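Multiple structures are listed underneath, in structure tokens.
In the two complexes that follow, chain A is the common piece, with chain B as its partner first and chain C second.
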Partner chain A sequence: MQRASLSSRSVQYVFLVFVAAAWYFLTESGNISRLFLPKPGDVIDALTRLFQTASFWSAVLVTLTTALKGFVIALVLGVLAGYLVTRSKLAIATIEPLISGLFTIPITLFFPMFILFFGVGTGSKVAYGATYAFFPIALNTIAAFSNMEKRYLLAAQSMGGSRWDIFRYVLMPGALPVLFTGLRIGFFICLASVLGGETISSVAGIGRNIALAAELMEPARMFAWILFVVCMSVTLNLLAYSFENKIRSR
Partner chain B sequence: MTQVDKNNDDIAISIKNVTQRFGDEGSPESVLALDNISLDIRKGEFVCLLGPSGCGKSTLLNIVGGLFRPSSGSVTVDGRLVDGKPHPDKIAFVFQESTLFPWYTVIENFHIALKFQGIPKSEWDDRAMTALKAVGMASFAKHYPDQLSVGMRQRVNMARGICVKTGILLMDEPFAALDEQTRMVLGEDLSQLLAETGKTIVFVTHSLAEAVFLSDRIAVISARPGKIKTIIDVKTPHPRSPDFMLEPRFSELRNECYALLRDEIRATMALQRDPQPTGA
Partner chain C sequence: MTSLTSTQPRSTGSSPLAKMLKSPFWLRVGLIAIVVALLEYYGRFHADPAFMRPPSAVLDAFFTSIVSEPKIISALWLCVMEIAVAYAMAVAFGLLIGLVIGATNFSRAALFPIVLMLFAIPQVAFMPLVIMIFGLGPAAKIAFGFSHGIFPIIVNVVAGMRDVKELHVRGAKSMGASNADVIRHVILPNMVPSLFTGLRLGMTLTLLGVILAELYVSTGGVGYYTRVFAENYNPAPLFALTLCLAVIAIVFNELVRIAENRLTPGKRKAPKIQLSESGK
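For the complex of A and B:
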């Protein structure tokens, strides 16, 4: 197990090195226009220059707070709706397929409506991200609470646990790992939706800056933003994973 | 057959005319699982419910434990009507599969059970460790259930049923998933514990040897609909050593049980083509 994860880790690193090397040699060879793919060095330069501007940090702050707001709304509504659905077998049978069916609809199509209802400010992105993140959170909540094996509940009941005791000490800890997976997926879908929304129509945020750099024909700057988002997402994802593993190993 | 003891103070569990029907009477899916069962169990007695699979013995145990209400008839425990509600102050359950919560360590599993039972926190560790020591699992207190073998888990599971202060322990084929050697060892442990704690135990099994080795009395239950066919007295006192199994009396009783069950097993086989919405 340890060994397998070690070797798969090294394959991942080799892949990353390969991508970086391919990027370097492709751009150095001069066969590719700088407009399509700038040199890695130029991108790093652009990124260090970005770091020194106040507008960079305010854009990051806008995007992260927007994503966080959307996520919190999705968390509250998704967990609540998911949990309520699991209170009845009939509801699980009818509503769960409905939610997973709705999730297959590209909600992107409704983005102009979000702009129409909530304006070009952050409000529309909060609503859009929350809508997208609602689905995986609700679906995982349903899975988490409905897959609890009945024998654990029977055992808890026969021990004399009250309804609250059983929820707090049996249902909740049993559901937490799957629930948390839903939250992690939900958060990253929310972040991606906010970023995507920002590139389409917004006045501030990381997505807005990426779109602007593209329009102004500043590929190095654009890639610098993208590189930053990639690093940020990877870091956040690793944090979420390690937290999730901590929950799971309990 | 039903009235074992006239002295009511001595009776721990009284089962009166319990009938269980699944599905509405008269409908084609309707199944009569238990037919008018009456049985009194004395305090400190070890009673086995022995019968072919599908005869309703687990159903009967669940009714005694208050996990559901029978179609008709009643169960009283220490003179209190069970009435389809668990009575955790009087009755503890040990299920067929381990019901140790996988997200808690062994000791935390005990704490939860004791907490649910309303036992003061100061007693938790003491009770848990005593019960764990009794089944030889004291050194695994900090392990998670999935770090233990199936046999170890079931030992802990059994110990958790013992650590609470109920006078009655209901066990639903607790050793069914174990290999024969582990079964025998746990059977010895259980016989020992019974002698030490004086708990009343009702034990569901389809193992003849287990029934004879552990029981004071064996209630042989017929194929569906489950009725008490005979009650066999095993007079050997607890704790019983493995030598008991070598005695001629052991084989006699075992054969007697088998003779009683053989017809029932054939009857069950004939029933097998029918739908079986009942539990074991």
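For the complex of A and C:
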């Protein structure tokens, strides 16, 4: 990314201020229905009230643990499957197009089946999130281990490196950056699909609460939840990016 | 076989079966066939018919309860139209916004981070709001598909314009090219591969957006019927309908890929799916 100069930074702040101002004046002027866009003040009030309830934190906890469970399953299966596939050139040529082809189909299509198999509880969201996250993780694992420079492997072998040595000192460090990109994408896809799954059909979690607020025609509360999701995902994204940069620059 | 391969490279003399076992395409076909056979076996002898049916029953349901139901056919057709309209809008606006953002170094440095930040927000959080604004009909699905599809297109257009070599632009200008010439002959051809990456990702996400909105709430759309089948524990037509939608998704993806292979300058084939959405 380019070095951000002061003037380009200021454009970004102006954009944020503009959005906030547009929000404020649109709602103050009364031209827009309170149902579609509540006043910023009301949303902040609703958010502070939400923060004080125990059900808010339990919903956040449900969503995050569901996403984390799905992610861990996808992590284990995706890395394992991806790594095993890269052990043979024929397997890469056979299976990689299959995985990347399947990934272009929206897995959301199969969401009703997840509900059918695992019920409306968190189980179906774990499975759904794990399935969605599996693909980017497996694909990036394949990319990470198959683009390895042959020279490095040969050099390590000729210097007497055991299989484990080669894995630990050549394959792993070389693959880690690409692997981590896959993990980051996998995690955010998992989080988004858990949120989506909860919105479509569930009994708990952030997505359920957004849908509930919409059904009860409480726009302020719905916007408070949306604002929280936006802030949460921006924060998590920034954390993941800085962590990824650290891994890359090592 | 080993003696043959030693004299003839690429084992051209081996039996057709051995050749098939070495071809990734036939191995893929075999793999899929094995999975279908296992599903058939499991579905036929072990599965609870309220949750799972074998592929043969799904195929049967495709003819008895999908093809023969004009309401479901029109719902599928509506879904196709929603995807097409949403994608056309995403491409048009994505290109326009991408070109504006990528036009100068300043506009890119200033505006691109905003796009990346918006791209990173899980849009599903806005789904109920989109439905409230656009209603239960196709408009909401188109809007949701559009808002999903536009971001990868913007990002990849900007990335493609950024990667134009300063040297090429200056070379063209020193030979008397106007700004329009530079755009037409230097910038556009250079951004084609990146653009198509964006168009492919955009299609994937448009499909996601439309399907998500369909599943969330739909009166008479595809989402309505999946819900009906799932709630009635009637898996065979549910699987058949899902497979129809999957085929629609595959066809849309293939259309983009064919266009890409046709329009990419040189003989480059469509690269594999690009996963890093931000392009570093």
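One rule holds for everything that comes next: the second predicted complex is superposed on the first by the 236 of 250 C-alpha atoms of A that agree within 3 Å, B and C clash if a C-alpha of one lies under 4 Å from a C-alpha of the other, contacts with A are read in each partner's own complex, and residues count from 1 in each chain.
Here, a residue touches a chain if its C-beta (ideal position, glycine included) is under 8 Å from a C-beta of that chain, and two chains touch if they have at least 3 such contacts.
As the structure is a computational prediction, the values presented were derived from the model and not from experiment.
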item: First (chain B), second (chain C), both or neither touched by A:170; value: first
item: More chain A residues in contact - chain B or chain C; value: C
item: First (chain B), second (chain C), both or neither touched by A:157; value: first
item: Which of chain B and chain C A:79 touches, first, second, both or neither; value: neither
item: Which of chain B and chain C A:111 touches, first, second, both or neither; value: second
item: For the chain A and chain B complex, residues of the former touching the latter; value: 151-152, 154-162, 165, 169-170, 173-174, 176, 250
item: Complex interface listing, chain C residues touching chain A; value: 22, 24, 27-28, 31-32, 51-52, 105-106, 108-111, 113-114, 117, 120-129, 131-133, 200, 203-204, 207-208, 211-212, 215-216, 226-227, 229-230, 233, 235, 238-239, 242, 245-246, 249-250, 253, 272-273, 275-277, 280
item: List of chain A residues in touch with chain C within their complex; value: 1-2, 4-5, 7-9, 11-12, 15, 35-36, 90, 93-98, 100-101, 103-106, 108-113, 115-117, 136, 139-140, 143, 181-182, 185, 188, 191-193, 195-196, 199-200, 206-207, 210-211, 213-215, 219, 222-223, 225-226, 229-230, 233-234, 237
item: Chain B residues within the chain A interface of the complex; value: 65-67, 86, 88-89, 91-93, 95, 97, 99, 101-104, 112-113, 115-118, 144, 164
